[in-house]
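Following are the structures in question.
Here chain A shows up in two complexes: once beside chain B, once beside chain C.
For the complex of A and B:
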């Protein structure tokens, strides 16, 4: 029952916004064409969040949190954007971006695992710190356009983002599901003392998780720069909340010990469809509502987040923790 | 000291207990305990670990409620439903782990439970507050700076502060749970002087301690608990250390310990030389051979579990060496490395230290051995399932299925699942810390025969247990720890209950030894 809740919410959202969006479909082909471009838009738009949320899911599984994720992605983008947008970008900016990403992840991981700073405080600090570095790198410039991932928008008949997302969620997701690491992370999140007693190298695993999240932030930054034509010091402000909200909505527990990557996947889209739909329905809103519809977005995300956490703590848990990936 | 004051218990008892019983999820912790306590009388409550002393204290101070029985206090029947109500009635419990707020001052802690003096506009009148606190401390004969933070006080001062606080609330009954456990000799003496003074003022006390000489010198009457039952209640004049010990343990060795294995000693598995860690244990040397079960006895707090954790590499040691088979373990070797070297540790508190309560049985068992089956870090999907099914059958874990969450299993099944987790690794050296605590009798027997089987298969076992019967029944050899040191090694005929108890309090000498 519970595993159908998220897809059901997503589908009803899509139906609702298509309905108020005032589209007329003359033929089934017409509808297909609309649907194809709609999903392609949605995917390219959500790709950065989806990638970041993958890493965040693992972090939340260990009972951690990473508030710095948006600043981190922005900083990586800023660093990469300071290079020329020609072919040399591939062997200059990209490796440097990756290196920066791993170092930032390592910073968070070391603060939490080695120096024993609570995750929420450590990453609140680095969130501000990384944002400061963004402005240091960029000044008040806004750079555009500098980088074009070939085939990002359309790769043959598929959006390139779809390829990357499938690779990450199916490939890495399956790998994670069958790996011993998953069991160790869940045990660390569920009961860190028991994890230590069970001979799990807790500190090393925590560092690995944050470094991995840094790597996902790098992929996310690549997607972000490929979609948006400009990067500035204040890019992506507030995105961390969207990422965390999506992961929690997906059923991963903030207290750690239980994670759901498929839930995260749906969680991201539920928020993205809401976001996109409200923007698309601005016309309908002006006619029918006394306030601007776009403001409603934050209200709804807030409600969804609280509702999601409530569901996770008050609905009975799915029994097979190990089975859901 | 008791001679200075004769109890007036015949006049009007402050406290009367009639048939107090309590059980926790089917396991009986207290059965039909009844006694009365007169004004200014001190009752010594003694018993082994797990005999029910703490449960009784918790019922009296309102942390637990009794299942049946009656508590009469100053002539009227009461039910204490929470500690605050107990305090209002005049029953104050001074627990072993003292409750105080470290970052508040002495005066604030002193006045924590009552209304503070106010200034006209509603602010706190600090001068008056400190004055009041100071006055009360002086009444009690304590000279503490009321501005001092509580965490800066010594253990003895904290103890005295909490007693003074209890008395300032007009406590008529003081319950002291191991008050001397963390005090030094002169501090103990000072505490006793104070307590004797209180006794003269008519404060009744229930005094719980493992230190039998203290009990003998201070109390008027002695109540002995064993397995939750009250087995003795007699005036101190009739008591002696041998009698108290006999009452505490005196029951026949029953058939819970199915010893089938032949005594067989293989090669040396573990050798520990001069191991020490500041404040926890010092100068520990012993060895464990293959096929041998070595018992480690002693009182709670003697440093046994700390030693086990250090052996397992959970924290570093200051001095000494651990040799596992041929290898001397260096300081880099952690628990992970110990596991690879086939040493496992089953910790004492399974809910805190072993289990994630809402994880499934499946996950909980697999975490122990799945790395052995992993190929490049990935675990074949069918493997874990088969293995878990096998475990549930082999270790007779009773559950609705392997996706039942471990928190909902009974204590015995939880413990068996932990044993399954580690034993499937085929370890050579197994450290068991209280393996049958909180486990029902059937599961206890299963675990005992499993341990017997393991030793017969040539594994080395270090058994830490506070259950004397278990210690004596299972071990080939017993080491007794007292205050961080192994004081005694008992073998063969010397392995008797009396000797273990005496050794645990460091009282075993050739003259006291009971042959």
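For the complex of A and C:
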């Protein structure tokens, strides 16, 4: 039953918000057209969070956490925005952005694995550091060279976002799911001492996970800047909570030892549908509620997060060997 | 010749604290002294060091008091990420009551009770749902802010995003009494830490829940008590915080408050390589870090 909870919540949300959102469908084609455009919007809007959440899932699987993810994406975007918006952007800003992302990930990984600083402390520190660097790079300015770069805007549209997400979730996700690395990371999260005794290079794996998260932050920054065009020092403030909430809602344990990429995928969409749905149903709220409907978003996210995690932890796991037992 | 008082203090300190801990307190005292010297050196011509120091107390009062509140919870091995949002709800209740001219005392009491009740509710929820405190309070972070916005929208006519506090009689705890409230809060914290069994129970729970159960203690009750005590400190912080503001903005105020208040803990852990958030260290030490 457990594996159906998240899709069920997501479908219920979509049905509920379509119902209260004053949409009228004259024919099945009409409904199909609406559904296509809704899905495309949702996917392109959620792309940065989806990509960042992939890296965060792996981090949480190792019993770590990355509070600096939003600051990291913002810093990568700020660094890339310092270049002119012409063709040279592709061989100047993009490689530099990737390099910065990998270095930032390596910094987090080294702090945690080599210096043995607890992940929450290390990334809290780097969250503040990276945000400070954003303001150092940008000052009070807001730069927007991205739409002038030939072909860059494509990543902010549906095909580009779909390609990136498919490559990451279907390609990398499937590779990860069937690889030995997954079991190693889960074992590190479940019991790092046992993992070390089992011959897993714990420190190296942790560094690799944080560097990989840095790479995901780079892809996320590309999607974000390609869609939003402009970036400032305070961009993406608070996004880390959205990413962490989506991953936890997806069933990944904060204590490590269990992760679910498909759960993360649904977790991101549950929050995105809620956000989009409440915006679309503003008219219904004005008629039926004594307060603005958008305020309910905060309340519902909190309830969904706690309720979703409660259901994930308290409902029994599906038994794979039920026949033998 | 050493006075009996000094001998008494020395033996008391030696009995209570390890040599290592005393060295750390010494380190923190020196660190604070260096910071004060740096501030003194940075003061420009015409500025007064005394004024800066006197002003610092009331300015940092909410963060220090919230730091104490978070400390109590961290002792039990839990965490509360939603303290900023709880302050927002308390501030909104205060704002709505002041806008309706219910009288300053009613508004202050409303603010205090709201904070205490919501903190205790967090503890109850963590105990009842049996899911990690970080998740419950992460959910609370957004939940309480939403509740605050809804309360403001329902409680105020034509709510435009903020509530103005124009009457000065609603601001005296924050503007006139902040230093005293901070002093009272600090003394209470110290008395609790030196003489109360409750704090030892919190530490015991933070160290091992199983050991608590074996000793006949009730972990759930201890956790709830910790959240209630934390709520008392946080209510003082909320009162000082909201009564210093000219406008209450539920969507923007107290953002990052939980992180700010927990920074001393992270800093302490970073400097001393304490890998566990739960430690048996005491308020004295934490107090210097908060400073």
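Here are some notes:
Simple rule for what comes next: the second predicted complex is superposed on the first by the 303 of 325 C-alpha atoms of A that agree within 3 Å, B and C clash if a C-alpha of one lies under 4 Å from a C-alpha of the other, contacts with A are read in each partner's own complex, and residues count from 1 in each chain.
By our rule, a contact is a pair of C-beta atoms (placed from the backbone, for glycine too) under 8 Å apart; a residue touches a chain by one contact, two chains touch by 3 or more.
In this text, all values refer to a predicted model and were calculated from it rather than measured experimentally.
Of the two partner chains placed by the overlay, only chain B lies in contact with A:179; chain C stays clear of it. Judged by the touch definition given at the top, the superposed model places A:26 against neither chain B nor chain C. By the touch criterion defined above, A:244 reaches chain C but does not reach chain B.
By the touch criterion stated above, A:257 is placed in contact with chain B alone, chain C being left untouched. By the touch criterion defined above, A:191 reaches chain B but does not reach chain C. In the superposed pair of complexes, A:201 makes contact with chain B only, with no contact to chain C. Once the two complexes are overlaid on chain A, none of the chain A residues touched by chain B in the first is touched by chain C in the second. Only residues 125, 129-132, 134-136, 138-147, 149-150, 153-154, 255, 259, 263, 266, 269-270, 273, 275, 277 of chain C touch chain A when the two sit together in their complex. Within the complex, the chain A residues that touch chain B are 175, 178-181, 183-184, 186-187, 190-191, 193-194, 196-201, 257-258, 317, 319-322.
Only residues 312, 314, 334-336, 338-339, 345, 347, 352-360, 362-363, 366-368, 370-371, 374, 377-381, 384, 403-405, 421 of chain B touch chain A when the two sit together in their complex. Interface of chain A with chain C (complex): residues 116-118, 120-121, 124-125, 238, 241, 244-245, 248, 254-255, 290-292, 295-303, 305-306, 309-310, 313-314.
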